[in-house]
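Chain nomenclature is as follows: A, B, C, D and E, assigned in order of appearance, with residue numbering initiated at 1 for each chain independently.
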Amino acid sequence: MNTLILISVLPILLLYLGLYKAKNALLPVTIIGLLAALGLVVAKWNTVAEPIYHGMMQFDRFAIAFSAITILSTILILMLSKDYFERISSHVAEYYAIILFSLAGIVVMVSYHNLTMLFIGIEIMSVSLYILAGIKKNDFASNEAALKYFLMGAFSTGFLLFGITLIYGATGSFDLDVIRDWALTHTSKTVDPMFYTGIMLMIVGLCFKVGAAPFHFWTPDVYEGSPTLITAFMSTVVKTAGFAAFLRLFSTCFASVSDFWMPTLMAITILTLCIGNITALYQQSFKRMLAFSSISHAGYLLFAIVALGVNSGNSVFIYATAYSVASIIAFAVLILVQQQSGNDNFESFNGLGKSNPFLAFVLTVAMLSLAGIPLTAGFIGKFFMFSAAVAKLQIWMVVIAVINAIISIFYYFRVIVAMYFRSADRTEMVIPGYFNVVLALSAIITIIIGIYPSVIANLI
Amino acid sequence: MEAQSSAINYLPIVIQMLVAVGFAVGTMFATHYLGPKRKTKDKLTPFESGVEVVGNARTPISIKYFLVAILFVLFDVEVIFMYPWAVNFREMGVEGLVEMFIFMATLLLGFIYILKKKALDWD
Amino acid sequence: MTVSILLFLPLLAALILVFVKNEQAKYAALFFAVAELALSVYYLVNFVPDASVQFAIDASWIPQFGIYFSAGIDGINIIPVMLTTLLVPIIILTTFKHDQPRANAFYALMLFMQTGLLVVFTALDGFLFYVGWEAALIPIYFICALWGGENRIKVTLKFFIYTFAGSLFMLVALIYLYTQNPNKTFDIHELYGLTLSLKAQGWLFLAFFLAFAIKMPIFPFHTWQPDTYTEAPSGGTMMLSGIMLKMGIYGAIRWMIPIAPQGFNKFYPYAITLAVIGIVYASIIAFRQKDGKRLVAYSSIAHVGLIAAAIFAWNVNGNQGAMIQMLNHGINVVGLFFVWDIISRKMNTRDLNQLGGIAKNSPWFAVSFLIITLGTVALPLTNGFIGEFLLLNGVYYYNVRLAIVAGTTIILGGVYMLRMYKNVMQGPTNDLTITFTDITGSERVVMVIICALIIIIGIYPQPILHLSEAAVTELTATVNAKMSLLGSNFKP
Amino acid sequence: MESFFNTVRVVPLNHYIMLSCILFSIGVIGVLIRRNAIVIFMSVELMLNAVNLLLAVFSVYRGDASGQVFVFFIMALAAAEVAIGLAIIVMIYRNTSSIDTNVLNKLKW
Amino acid sequence: MELAQIGIKAGLVVIIFAISLVMAMYSTYAERKVAAFLQDRVGPNRAGKWGILQPLADGGKMFMKEEIIPTRASGLLFIVGPALAIMTACIGSAVIPWGQKIVAGNTIIDLQVTDINVGILYIFGVVSLGVYGIMIGGWASNNKYSLLGAIRAASQNISYEISMGLSIIALLMVTGTLSLKEIAEQQHSWHWNVLYQPLGFLLFLVCAFAETNRSPFDLPECETELVGGYHTEYSSMKLGFYLFAEYINMFISSAVMATLYFGGYNYPGMSWMAGHMAVWMPHAAPVIVPLIGTAVLFAKIVLFIFFFMWVRWTIPRFRYDQLMDLGWKILIPLAITNIVLTGAWITVHDKFFK
């Protein structure tokens, strides 16, 4: 809880720092504050979790683990933001503040114990993101991304709310435990149709939020239009949080009626996988490719919810961690390449292997991880997902997933091929210290998790 | 709080609305038929103190008004939260007071922020 | 002294090599490879030739999934392990005459790959096996794609996709086995013990078969192989053909058949047929090749086809033959590719028609090339003979007609290999081949080693056969027992 | 006449549910078919208000205040969305002098 | 609730409607008289004695005038604007308690159209609806002055609504209910809320001025800058509606202020009066006593209306930035302080002096 308070107070502090022109203090203060928040979270680890604030929140291990990883990723991303926002406009403090506000929303999202909190968390996060997507005021793509993201987000919120309302009407409470007990006591015969409709609408709303097909169409545009750093934030931290919320809701409340919503979710998963992968094949822009691949990763993450079990939390956690870290590397390199070559096509990566071996190496690690090659974190994530699904004897789904994994090789390797095997005369670019730290750290995390996943595998 | 007032209590309001509507519409029609009709072109042009009409009136206006509107929306909604508290203020006691003060402090922080940002200066 | 040292020494060496300067890289690499070889010899000496697992390591790795880092050496994998540790230094030695750009990376990748291969051969845990499988794949991909020929990018990607696709299905199969395992581990012996439904076994067999058939490669899945062999740098080609394709054979013996005997029992006729078709097909193609390297590639398909056929026939002779032939084929094919490496380096062409008459002014080269060729065509008293004899014997037990068809490999092999030798070495020298200078230094060393091995094994193969005999016999027996116990219609 | 009074005195729950469902559907359809950003936005607000209505009704019929509390939160966050949304729309208008979502075709949907 | 009661309510509605219209009409008259008095003039004195019929004459004139709808105006909205203004003005009076229950025989007549438990919120809703009329009208008439006037009106109203709400909250903390009826009941005899909420009352008063666009807050129609403001283009009864709406709003807000802060129909010594009347004329008492209260309420209302006019003719108009600064930078902080003080005071009081 202190974490949440700290993360909510920090941005206000930043705003006032910005007012009093303490520009250089912003980033350090943010990082230190977040580290403190991280410490507070982890300190809670061994305390027994009770629903607090009249059952509004519950900081169980699930919540702590996900808060920790989201905060960590945010720190990594913010370290990339050195001199990034200054190039956009002068309201730097505001940007940091807004990112932190959305982080606060995310912490609520992963630790809610009441649908009210779910809604509030999602909204705090989304509203901040609407702004962040459009911070490039004069860049038309950015405006458009902001508007699309906003309209779609509000739209999906409507569905989510209607779902919550119907569930409330059926069960008479927003409390997760009450809803679970209600679902347990009502068999599919006696259950209220409102309840099922509510679940369906919530699935729609949440799928919008996590960008799962067929509600994904806003994702690529928004990811492409937004400033790259913000895209990194969206596609890592936000996605992680979205799935954490998704999983928390379904594993807590709706597990007993899974035979009802399972087929729908399966269809969505398959659709997400295929659409994400196949469209990613045809992209010429690395950024847009990442956007589509993030859709397909959403598909893999949905596996954990489809194959709901005791290990689902772990699977999502590991997969999300691996995915986030790898994506952070990818976006960090993308930012640098964009600064040098101006565009984000695959061609602009040509010859990176010669000019910046380190950069090329970490990006290779990231791509291998995203593609799920062993000895990287991505493989462990996929392994967990698949084994969960196979354990539920949904082998045909796994086979489809495997085929998609094979497809994904094509576009992930495109950048590797470009970096190493296609030569272009390019000057070595200077990498800021912050970037080096982030890249090295992320790569190390990726490989460590890939080689010895036990460090985080049995957290939840 | 006090007893819920059911839908029936709102019936008179409906009646009053009907009366009001009736009055307005009736009067409109009355004046429409009573008044003389001698329309000339000049009468029907927008009045700009007798000068020739320049451009369209539907032009974008100062962003300040828009800013005020947004701030109003935000603050007014925050005020909504205070009503239930104010009404049940005595039941909630000191705890409620403290919590609401924290709430208002946050509100004030935001308020001071926009003041410092000169969002409300008209010049 | 567990096997782990053997596994991690090359990895360590690779990490060190990254920081070695390009000039010293090859010497350092050779040093480490030889050290590894010495180490493996130590294991070999201390190896007791029975069916037991020795030098085993069994450390908990991912506990909540029952995944152990468990590896060990036994009769089944001693020969592939030795093959690996033996060939890697030879291959490194063959590359001495090249001056690779970024040599340290090249050798680092090669040693890294060695670790992967050794893990694959020694792994006794399904997960570890899979990880090693992929870990061997990544470096060879980079080796081929970074130092390969013109249109390497497309070819290598194709190669990668093929193998990766196969292995992913194998992963699914392994995960399925894990879920079926009551005490939730990937341990190979427990997987052996599982009793699975016929349907499940059928699917498992197919999943494994896809992975291994692509790796070997068996007939319809071979399309990646010739291109890759041709495009890859000679070192990479040797790694691929000499060691990597043994992963498939070994996997078939070690994992596929014992785990899914009933599925195997259902599908082996088709498998054998494919293998034999592959033999004939590859031999015929090999005939018509102008490009020597390509010819060798196809010949390797043919030989591997024979090995596969023998394995699918599944009897002691066949398996023993497979064992020893893995070793022989590795040595021979490395020799052949080295020959072609020398030729193309000196002549800048691999076209059989442009060559000829080299033998006259390069005796060393001529002799060693001849010995290697004879070894490949399995002349008696060369290593090829004993292996192919046992293999054919195995196939023969299964089905005479198939054995006869498979036997054509020797005839056809003889024909095209000797034709190749003739085209290259005999005949009149033309103005190109007149410039050919005899092999020297490191080349000569390599050639001597290879020829020596060919002849020694050819004359006295018994110790090698003895190494694997007990284990192979037991494995064959258990699987046969299972199959007959499952009331199958299996002919011995 | 009496029946009318009775109906007014206690309106059946289903009427409310139907009403808010209809409102919600109108909102959805509006979002899907209209092209003017402001109108889309208004449709979204309509959806939210349908939800509010339903929540209030449920909480009254169940005699449980939490539903109405939720309505407060929805209002507050809807207001926040209004603020952001209008800001974004104004920003777009200043760049394109149009709020028709058809001009938003730089990025393909 | 039976048909009879519905009938009674309907009657009450009509009566109150008529009263508020008459009040509006005669406050136009009063306005001019007061203006004349303050400026030492005579004022209207032709129509009837002391010009008492002047409002009727004005009304008639309004009806008879030609109605003009400019060609470039958007027709429907142009009509809807004033209609909306007058309607919102007229329905505000529904929740105001005009007096205690009248007991005539066995029928009990409640001198309030309806007593809903959210009366104050209802008032607020209606008041903030009022701005729509102005906004629509100003925008529809497609005239720069009108548009500016309308926008000014809008942003002025919303700015002052915040502080109005905040000032009310302090009052609610004292009363603990949202029902105007109960609030009125609580202020028996002389326990008027203004004694407990002086600051709150001042704030509310200022905001009421601003909400009704009365001087010194009548920037939306300040003729020196904007000709006629938002109703520049209007004529005949549409103009009349706007003017009417303003006066009715004035009447309603006076009534609200009287009810919220000045005890509504309560007056010192009302219980004494009630007791004596009961002895004096036992039959008529249940009818008379409440009516006296109502009379008192109307007296207060009239006083407030007079105050409105008095201010209008004495205090000069604000500049727009001053107006906004007052609304945002002074009233809101004051209101919040008021809430804090009230909260603290009540808590301390309940803790120690009870």
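Definition applied: a residue touches a chain if its C-beta (ideal position, glycine included) is under 8 Å from a C-beta of that chain, and two chains touch if they have at least 3 such contacts.
For reference, the UniProt names are A = NADH-quinone oxidoreductase subunit N; B = NADH-quinone oxidoreductase subunit A; C = NADH-quinone oxidoreductase subunit M; D = NADH-quinone oxidoreductase subunit K; E = NADH-quinone oxidoreductase subunit H.
Fair warning: this is a prediction, and the values are worked out from it, not measured in the lab.
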With subunit E ignored, the remaining chains form one piece
Find me the chain with the mean Cα position closest to the mean of all the protein Cα atoms on display. A
Using the touch rule from the top, point out the two chains with the most contacting C-beta pairs. B-E
Using C-alpha centres only, name the chain that sits farthest from subunit C. E
Dist(centroid_CA(subunit A), centroid_CA(subunit C)) in Å evaluates to 43
From the C-alpha centre of subunit B to that of subunit E, how far is it in Å? 15
With chain centres defined as C-alpha means, what is the inter-centre distance between subunit A and subunit D in Å? 28
For subunit C versus subunit E, what separation do you get between their C-alpha means, in angstrom? 97
If I count partner chains per residue in subunit C, which residues reach a count of at least 2? none
List, in ascending order, every residue of subunit D touching at least 2 other chains. 5, 9, 80, 87
Residues of subunit E whose C-beta touches two or more other chains: 1
Going by the contact rule set out above, which residues of subunit D touch subunit A in the complex? 17, 24, 27-28, 31, 37, 40-41, 44, 47-48, 50-51, 54-55, 58, 62, 64, 66-67, 69-70, 73-74, 77, 80-81, 84-85, 87-89, 91-92, 95-96, 101, 104, 106-109
Okay, in this complex, where on subunit B does subunit D touch? 4, 6-8, 11, 60, 63, 66, 69-70, 73-74, 76-78, 80-81, 84
Quick one: which bits of subunit A touch subunit D in the complex? Just the residue numbers, please. 116, 119-120, 123-124, 127, 130-131, 134, 137-138, 140-141, 143-148, 150-151, 154-155, 157-158, 161-162, 164-166, 168-169, 172-174, 217-218, 220-221, 224-225
Residue numbers on subunit B that touch subunit E, as the complex places them: 1-5, 8-13, 15-17, 19-21, 23-25, 27-28, 30-32, 34-39, 43-49, 56-59, 61, 65, 68-69, 71-72, 75-76, 79, 82-83, 86-90, 93-94, 97, 100-101, 104, 107-108, 111, 115, 120-123
Residues of subunit A touching subunit B in their complex? 12, 15-16, 19
